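The two complexes that follow have subunit A in common; it is paired with subunit B in the first and with subunit C in the second.
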Partner chain A sequence: MKQRKNSRYKISTTVLFLFPSLLVLCLFVFYPIIDAFRLSLFEWNNPARDPVFVGMENYKNLFMDDRFLNSLKVTLTYTVGVTFISIILGLIIANLLNNKNLPFRNFFRGLFFLPTVTPTVVAAMVWIIIFNPTYGFVNILLRNVMDMPPNWFSDPHWALPTIMLLGIWRRVGFTIIIYLAALQNIPNDYYEISKMDGANAFQSFLYVTIPQMIPTTLMLITLGFIDSFLVFDQVLITTRGGPSSTTEVVSLFLYTDAFTLFKMGKGAAISVIIFVIILVITLIQWRLVGFGSYEDIS
Partner chain B sequence: MKEKRFLKFGLLIFAILAMLISSCSSVAATKEAEQAPAGEEVEDTTPAEPVKLTFWHQYDKANAEMIDDLVAEFNQANPDIQVEVVVQPSYDEYKTLLQTSILSNTLPDVATVDLIWVPWLVSTGSVEALDNYIASDSDFDITDFYPLQLDYDNIDGSRFALPMSANNMQVIWNKDLFEQAGLDPEVPPTTWEELKADAEQCQDLDNGIVGFEFYTQPTGEGITWQFQVFLWAAGGEFLNADNTKAAFNTPQGLEALTYVSDMLQGNGSIPGPWGAFGEGKACMQLDGSWLFGYRSDAPFDWGVALVPAPEGGTSATNTGGERILMFSNSENKEATWKFIKFMTSSDVQLRWDMTTGFMPVRKSVGENSEYLNWVNDTEPRMLPFVEGMQYAHTRPATPLYNEVSDAFSREIQNAFLGLATPEEALAAAEQAVNDILAQ
Partner chain C sequence: MFKHMSKTLLNKVFLLLIILPMVFLMVMPYMWMITASLKERGHVSEPPYLVPNTFDFSNYSKAWNGAPFGKYFSNTLFVAVVVVVSRIFFGALAAYVFAFIDFKGRDIVYFVYLSTMMIPFYAIVIPLYLLVNDFNWLNSYQALIFPRIVDAFAIMILRQAFISIPREYIDAASIDGSSHWYILWKIVFPMCLPSVITSAVFSFLFIWNDFFWPFLVANDTNLRVIQTGLQAFTGRYLTEWTYWMAGTVIASLPPVLLFIFAQKYYISGLSRTGLK
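Presenting the complex of A and B:
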């Protein structure tokens, strides 16, 4: 009798304590998400008029819109580029920083992590100044060795790579910290065994470190994809989608149409599409990793 | 055991209720405040509590201080009306705020907005027409305003706003950089050929100096409104007379776009983010009559000149400015009209223009000898702006203007960056603009 009373008591107390947070979540997260699905089926271009039901027309128009498809392409390029490069760089640097004999190890760790904790807005504004085509530090230096250095954020061929560089610079610190923790979990025995088998430093990196890092890497890819796909702040501040839509990421496209031009139905449709894309990516990666289990993969 | 459980349960419910009630009561308090003035207005005798008006504006720094002074003056002269000022610091956010306020019915009584928002605001039905107030007010003289300004606010036969401040753009040049480059610092260019030649000579990219700073990014009204100056100076037009079709794909439009795009390929200019002139890194740019606020203490010597025209053309410029308007959800329309009348009165406008450097919107100010003497004495560099008001074109008054400008800027930016020829860019822009206007 006493057992049953205990478990019921536990459940109802738990529910009671969760209730306020659940209420907030429902009101401010779940309900707006569901309502966005609903709104995407309407056209609402004027705040004073009621939304008009148009069914799937918003979606149809979006997939025929070159600018929208371009924004998907730009966002995908950014996401894949930033995620993978910051992971590769992160692993290499983390490996170097893992060396117990490295002098000033903590200083270097702090140095690499600094960009990650710098507010995005601050970082973006500083980069605009440094990369200013006329009087920025980078171009003043480059003019000593070349005639017409690239216009960076103002150059249609360089704007996206420059923003990706900013994204990588901000993300590497995070991947380094994660990898450092994971690296320290590799038992020393593995390295000793490989040394006994005659492996040099590079080979042990290739055959011991990397396989051990697979679960962590998969997790970082998932996080990186989701995070980078939603990139907004740095693009808004540096290029605002220009020049010539070469950096117009999908979240910026949404912002312009929904909030500057007040096309709310279209905006809702875009956000639903973003939601679906990220959901699909996440599901694929969960299947690859086996959701939740980062156990031994040998 | 049972009691303990009941206590926990009770505390939790109490906590939730407390949260809900506290948020409800603040909403209730605001509602009460709004009800009170409505009740007061009905009475004839002096009400115990003054009528409260909310006034939103987007002026900043010295101009905002002047607004505060004027509002204090009005409040003192009208003890039965108290105007509360709310400054909106960001252009984009002000627009979003207006949109959300229309939805939630929380618009202020009166506001000043960028004049190009007026057609759009009127189309939402939230702006009060002023014709009745103007007609029944015997000492309000509508004919004193410049006709070019008044035309813009006449939408579908009703007048929805009054001019509050106006401005235009002219060429500002850095005298120190001119001298450094071997140009006469007192002689600005007067034709397009001279402008290009001066820019090329003054440009010194090795030291981070650009010749003429064009507005090339981000896409949007910034690009459009500066380019329109060159378009009009070349004799071109932006939209047709009833705002139904693009009118810029003409030989004149092509001349303007070719001129600007060519210069941006390194012949006197390169693309970049706006701001080089302020850093002393650009020899010339277009800037507006509002610049006296921040250029007065520039670390370099500068002058203002009329916008040059190509061979056979005339100078041209763009008018910007703010309009003051009343929202229809105001509960104190008579009091709001009193405030609007005060802010646009000749006396206040005279003092307003002399403090802020905004261009006169009333003839009684623009032709006022006190005003002209003041210009000559305090800031003769303002004279090209005053002279330029006669060449100042207005942008089309259509609710679709924002979208049109956005699409237009996107296409011509391709020509600026060398990604498309001026012909291609102009044709693409025409197509995009016509698509929008056909809605």
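Presenting the complex of A and C:
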């Protein structure tokens, strides 16, 4: 009797406690993701009309659309560049900050992290002005050493690297923090042994630190890919995809087609493609470092 | 002894020489931003660039009055407070179930919750926009708040904290006849305050720095939040860079101050972003 009462009570608590969060997730995450798949099979270019079923047509058109393929290429360039450069810089800086001889270590660590908590809109506005070809601080400095410094955001060759620089500036603090946590876990004996073997500081970095950082690095690569692949704010504010689509990342392409041209079906197909790409990266991450296993490393 | 000391000193100077240029590159945009925000209007491209020598605070009052920054601030604060409190409230309820109540299929349900973290916002934004439109929520606080009030990351952080509590505490309270509601809020929750703060800090920074969703659903002047307000500001004061920089300094202060004071909590949360 008591047993039954207990288990009924248990069920109602479970239901009551989970109900609000499950409702919100179903309504605002699971329903939309399913609806994105459904909508991607329709052509819907006019809000006043009903969507027309077209099957895989949207996908077919996308993969024959040079602008879309270009946006994937731009996004991939951005992603690979920002991820790897911030990993390399993060590894170097984390090792410097980990050196007990360095004064003001915590203060420096905080400074490196500041850009990560700075809003992207703010960072983008600062970038616009610092990289202004005529009045910007960067070109004021560069004019001392060259006659014609680049036009940065309006130069097709420099626009993307300038945005990538912003991405790296905001990302490197994250990689530093993660590497610093991982560095604490290398047993000191390893360094003692390599010292006894006659290794200098650089050699022990190369042969002790680097191999120990491999799991963390793999994790940072996948996390960096996921984070950078979804870049949007800074591109919208600095270049809006220009000049001549050289900075048109895939999220901006989605925004333009779905929300300014109202091609909702096409937009949904782009959504699904983004979803699949991120899913594949996430699955690779789980294969490499396990499901949410960062706690094991830190 | 002396030789040893001078060697460490040399080492220190050497390390500082390597790291200072990198620190400078990271900090330079802030120095420039603050200096520019204190210059007289139209003098942005004149020296000094990185250390202010004039202190013209009028840019701040002009920027503050030139756009309804007060309104942007209170809008963002309102949304942030509601979102932070609900994420912790609903998150704690769910985390309690996943930590302490056994039922068949619990791990699957938890996995389903966590799986929402790997769904990128751009994958759901179109149907979400249409849904919010169907609810007649465009240009309303509802659109800014309701889709955000549950966050799997907060649930994950809270559950990790909850399961570290010794089981005896829970069992003892159960035997005393305390309800789950009582155990959660009077025993478990107060023991996990650091994790509560961590998830509050994350949620606050997320809302404060959020741009794309408010830009889509609430771009009405009265409903703009701080980031969309700033973006609109750049359109209105095209080359008034001293005002721009005053605006960016104002908008950066809350997250930067929060980071400085809650660094410990923020960083402990970051090291758990394995899934994000």
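Everything that follows uses one rule, which is that the second predicted complex is superposed on the first by the 271 of 298 C-alpha atoms of A that agree within 3 Å, B and C clash if a C-alpha of one lies under 4 Å from a C-alpha of the other, contacts with A are read in each partner's own complex, and residues count from 1 in each chain.
By definition in this document, contacts are C-beta pairs under 8 Å (C-beta built on N, C-alpha and C of every residue); 3 or more make two chains touch, one makes a residue touch a chain.
These figures come from a predicted structure and were not determined experimentally.
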Checklist entry - In the superposed arrangement, does subunit B or subunit C reach more residues of subunit A? => result C
Checklist entry - Touching A:245 in the superposition: subunit B (first), subunit C (second), both, neither? => result first
Checklist entry - Should A:120 be classified as contacting the first partner (subunit B), the second (subunit C), both, or neither? => result second
Checklist entry - Regarding the shared-chain residue A:210, is it in contact with subunit B (first), subunit C (second), both, or neither? => result neither
Next on the checklist: I'd like to know which partner A:151 touches here: subunit B for first, subunit C for second, both or neither.
Outcome noted: first
Next on the checklist: Under the stated touch criterion, which partner chain does A:135 make contact with: subunit B (first), subunit C (second), both, or neither?
Outcome noted: both
Next on the checklist: Let me test your reading of the model: by the given contact rule, A:20 touches which partner, first (subunit B), second (subunit C), both or neither?
Outcome noted: both
Next on the checklist: With both complexes superposed on chain A, which partner does A:237 reach: first (subunit B), second (subunit C), both or neither?
Outcome noted: second
Checklist entry - First (subunit B), second (subunit C), both or neither: which does A:259 touch? => result both
Next on the checklist: Output check: A:48 vs subunit B and subunit C. Expected answer is one of first, second, both, neither. What do you get?
Outcome noted: first
Checklist entry - Taking the contacts subunit A makes with subunit B in one complex and with subunit C in the other, which residues are shared? => result 13, 16-17, 20, 128, 134-136, 140, 259
Checklist entry - For the complex, which residues does subunit C have touching subunit A? => result 8, 11-12, 15-16, 18-19, 22-23, 26-27, 29-30, 32-33, 36, 44-45, 49, 90-91, 93-94, 96-97, 101, 103, 109, 113-114, 116, 118-131, 146-147, 149-150, 152, 155-156, 160, 180-181, 205, 208-209, 211-212, 216, 226-227, 230-231, 234, 241, 244-245, 247-248, 251-252, 255-256, 258-260, 263, 266-267, 270-276
Item to check | subunit A-touching residues of subunit B, taken from the complex the two chains share | outcome: 5, 8-9, 12, 15-16, 19, 92, 95-96, 99-100, 102-103, 123-126, 205-206, 208-210, 216-220, 266, 270-273, 276, 279, 281-282, 402-403, 406, 410, 413-414, 417, 419
Next on the checklist: So in the complex, the part of subunit A that touches subunit B is made up of which residues?
Outcome noted: 9, 13, 16-17, 19-20, 23, 46-48, 128, 132-136, 139-140, 143, 148, 151, 153-156, 239-245, 256, 259-262
Next on the checklist: Help me check something: in the complex, which residues belonging to subunit A touch subunit C?
Outcome noted: 10-11, 13-14, 16-18, 20-22, 24-25, 27-33, 35-36, 39, 89, 93, 96-97, 99, 101-103, 108, 110-115, 117-123, 125-130, 134-137, 140, 169, 172, 174, 177-178, 181, 219, 223, 226, 229-230, 232-233, 237, 251, 254-255, 258-259, 264, 267-268, 270-272, 274-275, 278-279, 282, 289, 291-295, 298
